[in-house]
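Shared between the two complexes below is chain A, which has chain B as its partner in the first and chain C in the second.
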Partner chain A sequence: MAFTEPKEAFPGSIYDVTFGTERTVTFGGEHGLAFHGFEGAAPHLPVIAFEVQDSLPDDWPEAVHDVYAGVSGDPAVWARFCQDELKAQAIALRLLSTHPDREDRPAADAAKTVADVLDAVSVPIIILGSNHVEKDAEVLVAAAEAAKGRKCIIGKAQEKNYRTITAAAMANDHLLIALSELDINLCKQLNILITQMGYARERIIIDPMCSALGYGLDYTWSVMERIRLAALAQNDAVMQQPMLADVGMYAWKTKEAQAPEAELPRWGSLKQRGIAWEAITAGSMLLTGAELLIMRHPEAVASLQQFIGELSAADER
Partner chain B sequence: MALSGVQIFKLLPKTNCKKCGHPTCLAFAMKLAQRQASVDACPDMSDESRGLLGAAAEPPIKTVTFGAGPHVCTMGEETVLYRHEKKFVRPTVIAVRIADNQPDAGIHAALADVLNSEIDRIGQKLRIDAILLDYVSGNSARYQQLLEMVMAQAPDVPMILSVQDADVAETALRSAGTKKPLLHGVIADNFEAMSQVALKHKVPAGIIAQGLDAVAQLAEKVKGIGVSELVIDSGARTAGVVLRDNTLARRAAIKKNFKALGYPVITFAGRDDAMLETLVAMTGIAKYSSIVVLNRSEQWRNLALFTYRQNIYTDPQVPMQVEQKIYKVGEPTPESPVIITTNFSLTYFIVAGEIENCRVPVWLAVMDCEGMSVLTAWAAGKFTPAKIAQFIQESGLPEQLTKKELVIPGYLAILSGALEEKLPGWTVTVGPREANALPAFLKNRPQ
Partner chain C sequence: MLIIGEKLSIIAKRVREAILHRDRSPIQEIAVSQWRAGAGMIDANIGPADEGGEALMEWMVTTIQEAVPLPVCLDTTNAGAVEAGLKVHDNTWGRPMINSTSNDPERFPMLELAARYNALIIGLTVGRGGLPADAEERCALAAEIMGRAMECGVPLEDLYLDPLVLQIATSQDHARHVLNAVKMFQELNEPAMKTVVGLSNISNGCPKQIRPVLNRHYFTLLMHEGLAAAIADPHEVAETVKTLDVLQGRIVYAHSYLEM
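For the complex of A and B:
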């Protein structure tokens, strides 16, 4: 029986996105499923951003907390450390201190932090709120203004606050993350609402909502797979944006990344376990189409970079 | 290739005679398409149609088993490319490679790791499923020693014999008796002799060639000799090639009905770098490998890979459930609050995780709602004041508590009044709507 490789060509393709000014990074642009370069063009590799926050990472487990022990008191120093020492391709600055349950710092403080971080580094920046719907609407408007001219990615815009955040992204020439919660229809609807405001659909990045290994990863897997198939196979122009996986915050919050070996001897080394939890969660997101990852542990990032290299080389046996 | 109901209908007599037990031929065709009826139920079908439908009813990926006893490994039978279409049915076999060219101590240590690998997760007992005995010493007596050590220490663990020498394979299979190992070692140069060995001992055979075309051709030849249970190895060793070969093979089998690749796939993930090996293994689990072979089995990796396999192979239509009971989070006292939620595993994990992270001890009451989330369970009438009250009263909790406070999910604040009536002596507190607000809620409440 002669074998003909059943390659598939899809009518749709994914928009590519470039962010940053001094140094830029481009991702997306595929004409096929993730790492299917053997049948559809995949011009850019996924990008990994290191997460930096403006609030002490006291709740990060030791294995990842200790990496940033000397720098985590100042987000600009922290960002610079990621750029210079860890060779970060991009930085994701999370303005966590603005959350009412954290320090509830005002939007003006966040704007100052953004300006300081932008002064400190030249790699492209993702600016994230604290995921508080009302507060983010204030904070991200101020942050977007402070970052005007640097072509950042800002977010996350959700159904309840997308209007102000979209307007701020539009007025200050930034790209926008649209977050919906594990639902392909809500994802599509939010993209439509945002574009109805006159915001270009090629400037949106989809966040279908990440979840950690063992904590709903299967849901994220299938939602992402369906979004990507809608974009490629059904050529649905509303869903053809690249996807974000905000991995670190989910992976490092799990019990598996925190429970000491003394308590659960069958789970093995805590340090390796935590890194593996972040690496597998991130690796799985790559396989379903994420082009932009936000991660925390440098060893997990290094393994992912090796993995990306291997995945994109299907012709080397 | 699976036929649609309409395609099947065209092959039926279209007499609507009802002899098959269905009202019309079309209804029967639909049942056949869903594999809920047998072709044999129709007495009037032509032989030609019967042949076509019989071939179509065979699973596109052949069922292959190896091992014997309680932990036999069953592979194949998959029917889709994407798990949202239909459940992936046969979870990837996770195997560990043990080579015969190492001292006994190394073999004992590797076997101990395998035997000690069992972990319980959401009620499933997960473990290293198989051992691959790798013949690399070139000394058949040494391979025989390895085989004897494995059978003595791990008699219930299914074996994969990685041997390309037909004489060594013959000796090993004679020793293995009825254990039905997978004989992984058929290559172009030995296929006739190896096929005869596999046939004689009635064991499945692994077909090894470089590339899908070569492996398909070799599989056809071995099948021609009479070995029907096959596993294929296209030589893919890096993540990109695994993804490519596995995707093309699965597509060929399912969408093109290409039988020569319609077999379970074995993937060797082994690397010097443990984390990279884990990621290659993950690729195999997500992307269609029926067996993934690792070089080592550290516990942290087992936990991560078993959990990943559970995620990918869970039924997307059926929610995962945890057991109904009162879970202690931290060290709760008779004064600690009781938080109630449903037994949807995701709900449980997220709620329990948030409480654990804030280190406030709590009694977490998880109520059986058939795996529904809180709002769905409430809408379906499974999470009502009467049922919650009954569950709490019968849980044994009231006898242990001096301060009886029940925290209910914020979305169901509407239940608080009715619940207080049905639970005399209890204070019902409305908790936050989302689990991520639990730490702030628990830390900021009056003690």
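For the complex of A and C:
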């Protein structure tokens, strides 16, 4: 008797999301688990966005800081470098300088930065606040208006500020990142609250909160896996959005990406360690279902692209 | 859980009058209201309908499906009326259901209709010999109906076994017998047989204010035993369905789960 491969078919599927105008990128749309194309169609590959900040990346380790030496003083130049030299599919602009503990720059400055970056590049843009609940509610409203007509992804909307940010995304025709902190029930609740405002559920991207290898990656992994299974197996319409993994900021904060070789000679090359840490963290997020990644080091991105290529080629057997 | 909205029954005065005058709007209003409350199918109970049953069922099915994107459960003892309903049923929204066959030879033609029109069918576990005494007798009747379904070419997945809910006020022991039967029916085949009940029969004849209480609590127990479908008032059971979906792990909890 011939062997029949056991295959699982799911009743649910993931919404696909397209962002950008001049150049567009689409992700999501799967009918099965990540890289299980042999079980359910996976029409789009995951997308990697390069992270750009509106303030000097002084706290980034040298290995990744150096890549952007000469461009990181101006977010528009930096974004253009990512697009033209690093062939970025998308840019994630983090408006970090607006954070009250950083430079506390006003929302109007952020809006100007957004306009400059949008003028400088044609790839689609993700616009992120500084992850300060109150300030983001001001900054992202101004940023969303400045980016009107460019169909960006803005975020992150959280339980305490989702109303303003959702309204701004809705009024200016942007997509929206909904952030919940490693809590599947809150993730679902936030999606419900956002859709109850009249915002289309197909325009949300879930951020279940990322974490780095060795620093809670297993929690993120498990929450993302459960969200994805709720979407596919339980056909839960408010959980069927694609997921974001904001990898770079977590991976480059780890001891492994920062501890000098002189202190820990047995850990080997610091530069390689940091790149490997970001690549492995990102690769894990892909396997549990993330479709949109935000990353920093071009070598980590290159190895991820190769990984995606090999896994999706295996899908087509 | 498939909720088959019970409100379009000729027993209800408003429905009876609408039928009498062929007035579509009350029928459609009731259908829409049940659909919004979570019904996955609408029961069209036209009674025995000995005279003019064919035309009436046709009118009911088209009137309902004009208003809601749902399949219809054709509820009458008149096989000709069932066939007339099947002929006009729009399967875009799901397959129709026949309510019902049983172990009474008069109801055998319903199975042939189910086979011919690829319809779902309810198998009521009663026969000529009166009401079943307990869960075991219900199982014996179920086995007879299953055998006949297979002979007629109706797949067992399309058969919903109905253990016949009786009134708590007059037949208290049967509340337990029916719960047992729902559990035992599922074991009669692999994959498990589907089960259905006419829920509000449990509180028939009880004071109006306690009927929803009895219905909802009984429904909870039935769902726990693995009930697949219920002919019920969706307004009355919607919260129970959603809550049990959460408690039994079929759906992820969120504070607003009742609003979904």
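Definition applied: the second predicted complex is superposed on the first by the 312 of 317 C-alpha atoms of A that agree within 3 Å, B and C clash if a C-alpha of one lies under 4 Å from a C-alpha of the other, contacts with A are read in each partner's own complex, and residues count from 1 in each chain.
Just so we're on the same page, contacts are C-beta pairs under 8 Å (C-beta built on N, C-alpha and C of every residue); 3 or more make two chains touch, one makes a residue touch a chain.
In this text the structure is predicted, and so the values were computed from the model without any measurement.
Bringing the complexes onto one copy of chain A puts chain B beside chain C with no clash. In the superposition on chain A, A:N185 makes contact with chain C only, while chain B stays out of contact range.
In the superposed pair of complexes, A:D16 makes contact with neither chain B nor chain C.
Of the two partner chains, chain C is the only one touched by A:M239; chain B is not. With chain A as vertex, the superposed Cα centres of chain B and chain C define an angle of 80 degrees, given in steps of 10. Once the two complexes are laid over each other on the shared chain, residue contacts for A:W221 go to chain B alone; chain C is not touched. By the touch criterion stated above, A:E159 is placed in contact with neither chain B nor chain C. In the superposed model, A:H36 makes contact with chain B only, not with chain C.
In the superposition on chain A, contact of A:A230 is made with chain C only, not with chain B. Of the two partner chains, neither chain B nor chain C is touched by A:E202. Taking the two complexes aligned on chain A, the least Cα distance separating chain B from chain C is 11 Å.
Comparing which residues of chain A touch chain B with which touch chain C, the overlap comprises 226. Those residues of chain A lying in contact with chain B across their complex are 1, 3, 5-8, 35-36, 38, 59, 101, 213-219, 221-222, 225-226, 229, 253-256, 258, 266-270, 272-273, 275-277, 279-280, 283-284, 287, 299-300, 303-304, 306-307, 310-317. The part of chain C that touches chain A in the complex is made up of residues 250-256, 259-260. Interface residues of chain A, counted against chain C in their complex, comprise 184-186, 188-189, 192-193, 196, 226, 230, 234, 236, 238-239. Listing the residues of chain B that touch chain A in their complex gives 82-84, 116, 118-119, 121, 210-213, 216-217, 220, 235-241, 243-244, 247-248, 251-252, 255-256, 258-261, 273-276, 278-280, 282-283, 286-287, 298-305, 307-308, 310-312, 314, 316, 346, 349-350, 352-353, 356-357, 437, 439-440.
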